[in-house]
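One chain, chain A, appears in both complexes that follow, with chain B as partner in the first and chain C in the second.
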Partner chain A sequence: MAEEESQFEEFEQIDFLRDRHVRFFQRTLQVLPERYASLETTRLTIIFFALSGLDVLDALDVIDRNTMIEWIYSLQVLPTEDQSNLSRCGFRGSSHIGIPYSTKGPGVLHPYDSGHVAMTYTGLCSLLILGDDLSRVNKHACLAGLRALQLEDGSFYAVPEGSENDIRFIYCAASICYMLDDWSGMDIQKAIEYIRGSLSYDNGFGQGAGRESHGGWTYCAIASLCLMGRLEEALSRRELDRIRRWCIMRQQSGFHGRPNKPVDTCYSFWVGATLELLDVFQYTNFDRNRSFILSTQDRLVGGFAKWPDSHPDPLHAYLGLCGLSLIGEPNLRKVHPALNITQRAFQHLQQLQQTWRDSTGSCSRQH
Partner chain B sequence: QHGRVKIKTTAQQEEEKRKEREKKLKIYVAARDACFSKRSEGVWDDEALQLTQQLLSSNPDFATLWNYRREILMHLETWSPLFWLTNNAELLFLESCLKVNPKSYGSWHHRGWVSARLPRPDWARELSLCDRCLSLDDRNFHCWDYRRMVVKISGVPVDQELAFTDRLIGSNFSNYSSWHYRSTLLPLLHPESPDAKLYSFLSEYELVQNAFFTDPNDQSAWFYYRWLLGRGTSVCNCVHVLKYFGPFLALTAAQICDLPPGTINDISNEHNLTVHWTEKHTHRDCALYTGRTESWCRDSATDQELFRSELSVEKTSVLQSELQSVNQLQELEPLNKWCLLTIILLMRALDPLGYEKETLAHFQTLKEVDSMRSAYYSDLCSKFMIENTILKMEYAEVRVFSISDKNLTTLCHLDQLLLVTHINLSSNQLQQLPPQFAMLQCLEVLEADNNSIENLEGVYHLPKLEEVLLKNNKISTLADLQPLASCPKLKRLDLRGNPVAQTPNVESELVELLPSVTDLLL
Partner chain C sequence: MSGVEETSNEPLQVKEDQEFDVEAEDHLGDDYVVDPTRYMFYRDRKEWADLEAVPQDDGPNPVVKIAYSEKFSDVYDYFRALLKNDEKSERAFALTADAIDLNAANYTVWHYRRVLLQGLSKDLREEMRYITAIIEEQPKNYQVWHHRRMVVEWLNDPSEELEFIADILSQDAKNYHAWQHRQWVIQEYKLWDDELEFVENLLEEDVRNNSAWNQRHFVISHTTGFSDAAIMEREIQYCLNQIKKAPHNESAWNYLKGMLQDRGMSSQPGLLERVLELKETHCSPYLLAFLFDCYEDALENSVQKENAEEDEWKETLKKALEICELLAQEKDTIRKEY
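Moving on to the complex of A and B:
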């Protein structure tokens, strides 16, 4: 009898609760609990997790795309009449600064309003996921804003007035350039030097030179190089093998981000996608990975948490799904491992880029 | 979004919490709006400091507010030159922020800004803040990064920091971040004196050995150990080549040179040449055949140690003694995977051929002990077996590469097999002959019976290939055999025991696809 019970429990554990996750992301797009207040300034990233999560679940039909698209465009920091704020352009995280709602230019001059590189990245991704054609994105301004953020050492600030600078924002920059099909937004060579400088003695990547290896920063490094098309140019075969080895050793059941740390759902994507980009994901153990991710599934509220018996949150809910998608969980859309959007959204991007290249006079795509 | 564990509360507690939250929210919004109106008016005063303090206490990730706060502080310090000396409040405020969230980028960044700005920074205090923070969470990389900045600016000597890591590691060997920090410090010690450097490395080996003997299951020490063993001059793998006459060759490293003009006056005779590379202090003899304008020569693999493992080259005695130590541990802990991996690594560095049998045995155990990664280990083992076979290869009229019955799951180093005429891959677990296989331009006979090959992508444009033996594989369609059509000298093809042999009219189809084949076995 006891045996039967535990088998039934095991079965419950393995069950993937699709509808709960759809509801979880729907709620995320409506209202967030008070404890998320500190994330208000980065709200657009949370929107991205929910939208991309729904995309992976093939459930985008539950939202009102047009309203969403308008709201995202309202976050674009557009050039003013005299274009004096070009180096501050991009997308902001939310309306927290208090700029009046507007989806059209010209931009309003506000001394403390500027784009944030991670918001520009997730903003563009979100528009693509919603099927938008990016025609209202001021490409020229976004790229000018991006250039203003890169430092001499190749890394990026997040905002023009300064912030910490590290490899995370190189990844955001590379993704932006890739999506806008225009690498004038960054000095690739310098970025590659910074990335190489971040390779640590144990063959993972740190946030910058001399810093500890970490699954998230390793993803940023490898994904950036892949988007730039410079993976094999920047890293030798030996280095790549060593990096593969460091990454493979991150699997304990699910994955952790650093040695001797507990496993955490989000690394099933950060490390999993890195392994996929390095062509060795098939060497990981899919069953144990899946069991761990599903052990963090919240059966009541939906979503995934970083650990079992913890509160789920949009980031882990989204990356948990991506982790499952990598191992081929049925009924989940495939995810583009470098850009972190579904292959479906990626194909939409490719079609757009083809249109841009085909059309004569590319300035038709700029304001 | 940091992990929060669930706890149950009563309905009443929930209601009280909700009321409290609403109150907080009202205060927050009022403060925020007051803040922004002050900022837009260009007001930088104590009240503004107070407002930002209020807001940042509950939301330390509001980057714009930190920027505003910095503006206020800069304004205040221009009005009062003694501002920082009479004002300890900022550092105290930051400490309270860090207590609430020790992982906030905004807080640490601001503290760095403040510290660098103080006329007389108290770096000892900053280090002690780091100590306290690390004692609560020794993996907090924000704190480690801050510590590194403090050490750099204040010029803390390297050996003092090493002593710091000594203390941390001494109390807990499992401290990965400390080992990492050590890896950045060690190279800074004794940059001038190689002997002093060697001595400090030897004592470092002792430290690490203590660690993994104490707890063999902790990976920190093993990763550090591997790095330690690899320090020393890097080896330049070099294959000396003048120029290869093939159309496609890409070698890993090559010395290429053009002969100075006037060296050869007629190409109707053969010339024997000795070429000296002064930079590498080496020379090679080669022959320029009649009518040719290019020649090549290649070092045999054993001479150049092409597969030299990443460990130190010259310190064989050190590696021997390390191998002894780790073997001792292995006797005590026969199922410890880190031990097995390290032993394999050391053996390959010392004598890959001599230790072949032990290496294979260790891989077997490793696959059982760390079964989650057994596919990875199978591939790694395949790579080593291929390397060993290359090392043993002899070069004569016929060059045979024989690696059957070795549990091979993958092929690699195909670029080292350019001269091979006969290859025997039978009785392994290969699933494909990948595109790089096409490098084997001298290949005459391919034996690959008893594998699981379904893909012959790489068997194309092989001008000398005469025999292909693929008995008992998984070739299933005629399309799979398409690449063979580009091999003009193919005479003998054995496809017995493949699904494709059951295809209707297979014989006549093959006669059409591969007209040069005279000896077909189905």
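Moving on to the complex of A and C:
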């Protein structure tokens, strides 16, 4: 009897609760309580987590695509009539600056309005996920805004006013250039130098030179190089093998981000996807990874948390799903490991890029 | 909005209001009365009447809308108004503190505050005290650390930094932001002298603190370097001592391997033997991996040099494969496929 009971418990624990997760993302897209105030300036990344999460769940039908698309376009920082703000263009994280809602140009001149590189990245991803053709994206302006963010050492600021600069924003920049199919947005060589400089003595990547190696920054490094198509140019075979070793050592049950730190659901994606990009993910232990991710599943409200018995949040909910997708969980769409969108959304991008190349001449679309 | 939030904010608000009112009284006279126990929205404050609040505009179908309380919206509606006019004033500076109190992750508020700090020639020492308090409360926020860095740069004075960061690390010895700031300060202002001692103390407290091991490597590579044989021997000895105390410690093994991997894992005479000794009493997956890497290095080098006996080569290969078996079957089964 006891054995039957414990088997039943095990089944409950490993049961993937799809519908709860769909509802979790739906609620995320609606209203969040005030205690989420710190997410205000990054709301567009939260939309991305929810939309991409629903995409992975093959549940995008529950949302109204058109209203979402309009709202995302309202966050685009467009050039003003005289184009004096070109180096500040891109996408905002939210309406927190107070620009009146508008989905069309020209841009409004405001002393403090500018794009944020992570918002431009997640904005473009979100539009792609929703099936948009990016025709209302001012690509020329986005790329100008991107160029303005790169420093001499190859890293990027997040915003033109200045911020911390590190490898996270190189990843955002590389993703933007990749999606827009235009690498004039960044100096690839300098970015590669910064990435190489971030390789630690222990063969993981830190956020910058000298810094502790970390699963998230290792993902940014490897995914960026893959998007640039420079992985084997930038890193030797020996280095790649050492990096593989560092990454594969991150598995404890699920994965952690740094040696001697506790495991955390999101690293099932950050490290898992890196291993996938390095062609060695198949050598990880899928069962133990899956068990850990599902142990962080919130059975009541849906979503995933970083640890078991903790509160779920949109980031861990999304990355938990991606982690499961990597190991081939049934009924989850496959995720493109470098771009972090579904393969379905990626195919949409590829088709778009083909039409851009096919169209006669290249046009920089102005509004 | 929760009642708890209200009461915890009120005393600070009331104090600021009274300060304001003292100034206001000077200008507006005795008829301006304030109940010191009530928080007053900006929209009700006379000295803000000239400014038109700017609400957030998410259009007809907002997405991921955060349900702000009246108080929150009020502060930020006035923040947006200041921003639009690019107002540079004391009242603007004071408001940024309220805005930060409600959301310290809003990078625009911090940027605007820096503009005001410079535009109004504010006391940067006081700002250091302010940012110190905020970081103590919210040590995992990017914006607050960036702000501190800017103020330190303006003051060109890092004298408080190492102690401050040590205090933050005493609360969380692996705080990535703290370590990053520490590395920046040390490198920028050349404060290397006492850092190795600091690292050793932290490793005494927790020999598994990977951040501290990383810092050790950082300090040595930027000071003496690892090329000196005496330094190398010292570091190897240090690693092995820590491993004896806590064998199951990836950080120590990563450090050991990290020092040697480009110089040749088998380049250190006697090291292999010392590790083989440890294998009997202080085994771990990391020790075995280290042995494997030594064998692999030896195999590769002998292929290159072509001066090793074929038997010796085969023996080394056999040992390497035995290690793999041991790891896969027993010591590190989670990675058996690898």
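To be clear about the criterion, the second predicted complex is superposed on the first by the 363 of 367 C-alpha atoms of A that agree within 3 Å, B and C clash if a C-alpha of one lies under 4 Å from a C-alpha of the other, contacts with A are read in each partner's own complex, and residues count from 1 in each chain.
Here is the rule we use: contacts are C-beta pairs under 8 Å (C-beta built on N, C-alpha and C of every residue); 3 or more make two chains touch, one makes a residue touch a chain.
Bear in mind that the values here come from a model prediction, so they are computed numbers and not experimental data.
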For this session: Answer with clash or fit: chain B and chain C placed together on chain A by superposition.
Result: clash
For this session: With the two complexes superposed on chain A, say which partner A:Gln83 touches: chain B (first), chain C (second), both, or neither.
Result: neither
For this session: Classify the contacts of A:Ser74 with the two partner chains as first (chain B alone), second (chain C alone), both, or neither.
Result: second
Exercise. Who does A:Gln343 touch here: chain B (first), chain C (second), both, or neither?
Worked result: neither
For this session: May I ask you to decide whether A:Ala50 touches chain B, chain C, both, or neither, giving the answer as first, second, both or neither?
Result: second
For this session: Tell me which partner A:Lys261 touches in the superposition: chain B (first), chain C (second), both or neither.
Result: both
For this session: On the superposed three-chain arrangement, identify whether chain B or chain C touches more chain A residues.
Result: C
Exercise. For A:Ser291, is the partner it touches chain B (first), chain C (second), both, or none of the two (neither)?
Worked result: neither
Exercise. Between chain B (first) and chain C (second), which, if any, makes contact with A:Gln353: first, second, both or neither?
Worked result: neither
Problem set entry | Partner chain in contact with A:Asp309 - chain B first, chain C second, else both or neither | first
For this session: Would you sort A:Val31 into first (chain B), second (chain C), both or neither based on which partner it touches?
Result: second
For this session: Just name the clashing stretch of chain B against chain C, choosing from 238-246, 256-264, 310-318 or 472-480.
Result: 310-318
Problem set entry | Residues on chain A lying within both footprints (that of chain B and that of chain C) | 34, 37-42, 96-98, 110-112, 158-159, 161-164, 200-202, 207, 210-214, 242, 248-249, 251, 258-261, 280, 282-285, 288
Seminar exercise, completed: chain B contacts chain A in the complex at 1-6, 21, 25, 28, 33, 36, 39-40, 58-64, 67-68, 105, 108-109, 139, 141, 144-145, 148, 174, 176-177, 180, 183-184, 218-220, 223-224, 226-227, 252, 310, 371-373, 375-376, 379
Seminar exercise, completed: In the complex, chain A touches chain C at residues 28-34, 36-43, 46-47, 50, 64, 67-68, 70-72, 74, 94-101, 103, 110-112, 158-159, 161-164, 200-203, 206-208, 210-214, 242, 245, 248-249, 251-253, 258-261, 280, 282-285, 288
Exercise. Taking the complex as given, what residues does chain C use to touch chain A?
Worked result: 1, 54-69, 72, 76, 80-81, 83-84, 86, 102-108, 111-112, 141-142, 145-146, 174, 176, 179-180, 183, 187, 208-211, 214, 217-218, 221-222, 249-251, 254-255, 257-259, 261, 289, 334-338
For this session: Name, in rising order, each residue of chain A that touches chain B in their complex.
Result: 34-35, 37-42, 96-98, 110-112, 158-159, 161-164, 200-202, 207, 210-214, 237-238, 242, 248-249, 251, 258-261, 264, 280, 282-285, 288, 305-307, 309-311, 313-316
